[in-house]
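Before anything else, here is the set of structures, which you'll find just below.
Across the two complexes that follow, subunit A remains constant while its partner is subunit B and subsequently subunit C.
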Partner chain A sequence: MITIPYLTALTTYFSYGLLFAFGQFRDFFRKIFDWWGTTNLQGYAPISLDFEDFYTRRLYLRIQDCFGRPISSAPDAWFDVVERYSNDNNKTLKRTEKRIKCLNLGSYNYLGFAAADEYCTPRAIDSLRRFSASTCSPRVDGGTTTVHTELEECVAKFVGKPAAIVTGMGYVTNSSILPVLIGKAWLIISDSLNHNSIVNGARGSGATIRVFQHNTPSHLEKVLREQIAEGQPRTHRPWKKIIVVVEGIYSMEGEICKLPEIVAVCKKYKAYIYLDEAHSIGAVGKTGRGVCELLGVDTADVDIMMGTFTKSFGSCGGYIAGSKELIQYLKYTCPAHLYATSISPPAAEQIISAIKVILGEDGTSRGAQKLARIRQNSNFFRSELQRMGFEVLGDNDSPVMPIMLYNPAKIPAFSRECLKQNVAIVTVAFPATPLLLARARICISASHSREDLIKALEVISQVGDLVGIKYFPAEPKKQQQEKGTIKLE
Partner chain B sequence: MQREPLVLESAAGPHTIINSKEVVNFASANYLGFIGHEQLLNSCTSALEKYGVGSCGPRGFYGTIDVHLDCEARIAKFLGTPDSILYSYGLSTMFSAIPCFSKKGDIIVVDEGVHWGIQNGLYLSRSTVVYFKHNDMESLQNTLEKITSENKRIKKVRRYIVAEAVYQNSGQIAPLDEIIKLKEKYRFRVLLDESNSFGVLGSSGRGLTEYCGVPVEKVDLITASMGHALATEGGFCTGSARFIDHQRLSSSGYVFSASLPPYLASAAITAIDVLEKNPDLISKLKENIAKLWTGLSDIQGLSIASTPESPIVYLRLETSTGSVKDDLKLLEDIADHALKEDSVFVVVSKRSTLDKCRLPIGIRLFVSAAHSESDLLKACESLKRAAKIVLVNHI
Partner chain C sequence: MANLYVKAVQPPDLNRNTEWFLYPGVWTTYILILFFSWLLVLSIFGCSAGMAWTIVNLAHFLVTYHFFHWKKGTPFGEDQGIYNGLTWWEQIDNGKQLTRNRKFLTVVPVVLYLIASHTTDYQHPMLFLNTLAVIVLVVAKFPNMHKVRIFGINGDT
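Take a look at the complex of A and B:
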């Protein structure tokens, strides 16, 4: 849980209040000008009402240059960021021809498959020549090729389940599978910080949704007991089925799910579990098989496992793995399978090759090296940041580390200062996070070398001092000397 | 109950290999024949070598690659609109765009035959949805009249008409000029899905607006999936700058999802370049559609339900058995027969349990500019024979 220092909370509220007041002031003047001038709506209703747009117009547009920065090379450990300029105070941004070579701490490139890889890319190009870029047809019609069937077997074997189904986009996997599996008399209990795709899928299913406190198995048990005792709303009949939805690694907190305790609670109350491993598949665990391997949970205990290929495998798409009957049912009812174009064959081939590299089936030990490197890199980086006095969230072994900023003015300051020193950082604010808890999020990759990380730490420490985000006291350097003396003895 | 889908062993072009046998392929929406096109493959290869496969991030967090911005500019230039926005999946384009502009309390008038993507978008937006009869302009007018007269606060509420240019569920083409007349009379906004008409209708492939002679500014938002004529993946939305900019922050399929792989964006740019240089592809496609139409119009037991110029030729049973399951079985038998005896691959339209559309199912043939005359003749003959054999007891 995040605890804000009292003074920081006050100053953050004050900053937002000031921004809000200025925004209202400018809106007031804008209304007066508009009232004089003519409107060109001619009887149509306006697209967005005043207050819906307020955050975008008055707060987000001021710092728009910190988001959506275009790049012109592969998103590898070092990449080229395109410089942009603005003539009208950040309302529109235009690209220039200049490129800045920056260290990439923002892309989801956990195992380093983002750029052209020596094993995967030739195979992807072969598959492109053989099957072309797209099949122009949904899976049930004419869009299933040999690559697709091979991919599904490969994924099922890797994850440790009997069968798997693959779709072309991770977001759609959640938002179209949940409505098919879950009907009206079901209960969904989801973690309070679940991703937008799960929320959309749950809403689209029409079932009742209850939320439990983030990553707290005891609260989950309490909610389950209450809901089973009460039954369905109004009729109080027992629920047909109950499903608990959790994520492996939460992308905004970097925390790893407390899976063994949650599985125990669900077994006790006979609820199903749906695990979303978007960030954890391929990135954690001894052989990269995700949170189940890391925490020692048997994959047969988790009923439905979902994941995406964008992060660790350098491709696109999502998968669902489960029992054979479940997958067979989904193949004939899931809208993503019936109506959407199937996943592009070169992308599918990239996933198969990436899985082969991770498992060592390509004949080298590159996969094991990558997995060891990402763990070492994440743990080193996190411990150094904490030593310097930053407030870093997340558990050990997780490659996602958010650094708390809180104050809205620190968001653009941190981002721009880091860019000046050639480090590309991602900053996240409302609405992806709660209003007070803005943060900068770092994603470590296996392709970062030790020198890259040390340079990044220097730059972040400098900028952190400048901007003032070292909320915790830095550990004194005395301890290192003491360690030295113990060694000598 | 359900059959396993057939596994292709080569690219899904006009001829493909199933079970080591070569078949004529009418199941891929490869309207301009771009699958296997040399220029597209070359541009994809160079993009793969430069950028790798995935883009590893959402558009807001270093997932915007310069090819995405180039592709958006190219599409906007081709259609003559101010701006456009790329989505990474064709199906998610409509169901992310609609909830952006329409919330609880707004009114949407929509055709009853729209596909699942639009239906899901309507459900997620929680607006009031009113259906009108499939492709029936009188029904649309009555519905608009009823809504405008009943609702007193109609001026403050956002109102939309959603239609598809070529309906996936029936192959009919929407009469856009009449829809625009109604829209201007009653002050509604129009959202048009041009997945199956982009690159197909109109003398240069610019879609339904060119075909009906309507200036493209009159349609408020055009969406399309690139998995049809352009032979890549993903989708785009195009319209006025206000509409597009709003989606960049509030469309969930754009903000919370990884961006399109760069090689697919570069394939789209190349496809549009090739289309602009070779407008004879469109005339070839039109000829093929006309030939197939005349060939299939006199099959006993099956009737064509689509408009003569639509690239989807939709065959329905003349007299239904009464249950959807039995209809499905008959149509699948016809398709199987055509595949086994004459190596012609056609598909039956399938519905998900979540789909609310009640239009009858049928056999769909996707015509491509790359089909030769012999392919089309073969398909007509084969379907005639298959229909005779399978429907002999049914007629």
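Take a look at the complex of A and C:
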């Protein structure tokens, strides 16, 4: 539920209309000029239809310098951003030799494993020397080393399921496993804000897809009842199986899934659940085991648990955890297991070491400290931002916090002003988010110290005043102090 | 006005091209754009109020016919072209007919026609042009015209 000031909604529509109109004018004149000039197509068809890349050419390229900024150091709490300039109004960008040291508020570095770690890095380098950088073959040929089997056992134990299978890339885990598990007479009910990898996997499976309103178990129940009653399209035969796909933390909203209610609904109507914990594994929960631990859901109730290692573990790849029969079946059929190169051994060793640190098996309490720190950092940052009057989405305890911008002009303004003050922020616009709801997304890490966060808050507050995104009235600090003094008396 | 807030629930529409129309404030923005363009035409051309409404009506006809009923597909490539055969009008509300949004969009040209013909005192040639505009727009929005291409004009290549 997002609260938009009405005037902002009107001005946002108007701004997008104006940008669209200007883009159409420029396209129109470009067509006329090109008709006069010669083409070098020589009988070849064009790569994309002229309307298909309209958004990229006329809207995205104008503010291209805010996206895809190259960095030249590890994505720790502070990192080096390469400075770029453009001679043709952002159509092409050229890199300079200058590096700007910025505070990193954009990397998914939830537990701080992205930079060198005293326990994980020596072990990863050791594994690199032993096994080399790549196995150069898929798992079934020659790509299963002792590291891989250890990793799968480690992941299964960590997540709380009997067995797990690991693939080399996070996106591919969803888009290659869903078509294998799900066939033609199945029904997939997916949350309306699911990630693109799930959408692609679902489309590739050939099953029927229905969408339910984001994080609303009552609407899920309504859709389930409607679909079970109607049956398959045209033949109206009963569905072979129904699977509900949800995510643990939604990366664009920072909201945590309402898992207990959704599990209850699925049990009632005998549907399977697929939980994508890309952002929540390792980052939430008392011992970092994800949303199931945070919300008190038994892992035996969730049929398939999927996650990635890119966010909290500082590595690459994804996993699927489930029952032994499921994982055995996947090992026979999943193309990512049969044909894709297996996960690189040093990356796998990094994950194993990171899990050991989180669980405290390395002999120190650094894991528990990291988990406590990310929770404290997230809650502190979120409450401070809300106090200053920003509209921040997401639940408490979630390390992802989007700040709403709305107007398209505020996106590059916020991004560039923050970069001038050495804070690197990721801004997200259409089509990754709905048209109206452009936002700046902040990901808090356990490696951010309190001073870093306070500096970030100062910069964001200043830039927020300049750009005009404090949509809510700020709560004055004085009131809190007075309340405190009254209580003491 | 600055303190008036609206709640936006994200609608379950997967088509990013049409999903923006389901948020609050779209209808008001549409009506305000028409009103402000009338003021703009009045100030640029210095014509009578009726003439300005006629110009707005005809410009509205050209613009909405081109973008709602002529241009097909979506302005971005991420959906891999599954809507490439459908105009914007056929895409909204997932193809469901006679929803609130569709009824509103059908009423707007009719209201514009009534305003334009009233303020020009039903004189020719403005009346003829306005009538032509409203007939074409309203017929294009009929449920029976869903995915119909007359004589194959604007059909898929």
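By our rule, the second predicted complex is superposed on the first by the 484 of 489 C-alpha atoms of A that agree within 3 Å, B and C clash if a C-alpha of one lies under 4 Å from a C-alpha of the other, contacts with A are read in each partner's own complex, and residues count from 1 in each chain.
Going forward, a residue touches a chain if its C-beta (ideal position, glycine included) is under 8 Å from a C-beta of that chain, and two chains touch if they have at least 3 such contacts.
It should be emphasised that the depicted structure is a prediction, and the values quoted were computed from it without experimental measurement.
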{"item": "First, second, both or neither for A:435, with subunit B first and subunit C second", "value": "second"}
{"item": "Subunit B versus subunit C as contact partner of A:56, first or second or both or neither", "value": "both"}
{"item": "Which superposed partner A:48 touches (first subunit B, second subunit C, both, neither)", "value": "both"}
{"item": "Which superposed partner A:279 touches (first subunit B, second subunit C, both, neither)", "value": "neither"}
{"item": "Partner chain in contact with A:161 - subunit B first, subunit C second, else both or neither", "value": "neither"}
{"item": "Subunit B versus subunit C as contact partner of A:192, first or second or both or neither", "value": "second"}
{"item": "Which superposed partner A:375 touches (first subunit B, second subunit C, both, neither)", "value": "neither"}
{"item": "Partner chain(s) touched by A:10 [first = subunit B, second = subunit C, both, neither]", "value": "second"}
{"item": "Subunit B versus subunit C, judged by how many residues of subunit A each one touches", "value": "B"}
{"item": "Touching partner for A:212 - first (subunit B), second (subunit C), both, neither", "value": "second"}
{"item": "Overlap of subunit C and subunit B interfaces on subunit A (superposed complexes)", "value": "48, 56, 196"}
{"item": "Complex interface listing, subunit B residues touching subunit A", "value": "2, 5-13, 16, 25, 27-30, 35-36, 40-41, 44-45, 48-57, 59-66, 68-69, 88-92, 101, 115-117, 120, 123-124, 155-159, 168, 187, 189, 225, 227-228, 231-233, 242-243, 246, 248-249, 252-253, 256-258, 260-261, 263-264, 267, 345, 347, 350-355, 366"}
{"item": "For the subunit A and subunit C complex, residues of the former touching the latter", "value": "1-7, 9-10, 13-14, 16-17, 48-49, 51-56, 192-193, 196, 199, 211-214, 219, 430-431, 434-437"}
{"item": "Residue ranges of subunit C touching subunit A (in the complex, touch as defined)", "value": "1-14, 16, 19-20, 23-26, 28-29, 32-33, 71-78, 81, 84"}
{"item": "Of subunit A, residues touching subunit B in the complex", "value": "42-48, 56, 60, 67-76, 79, 81-82, 95, 104, 106-109, 113-117, 120-121, 124-125, 128-137, 139-146, 148-149, 168-172, 176, 179-180, 195-197, 200, 203-204, 308-311, 313-316, 332-336, 338-341, 343-344, 346-347, 350, 424, 426"}
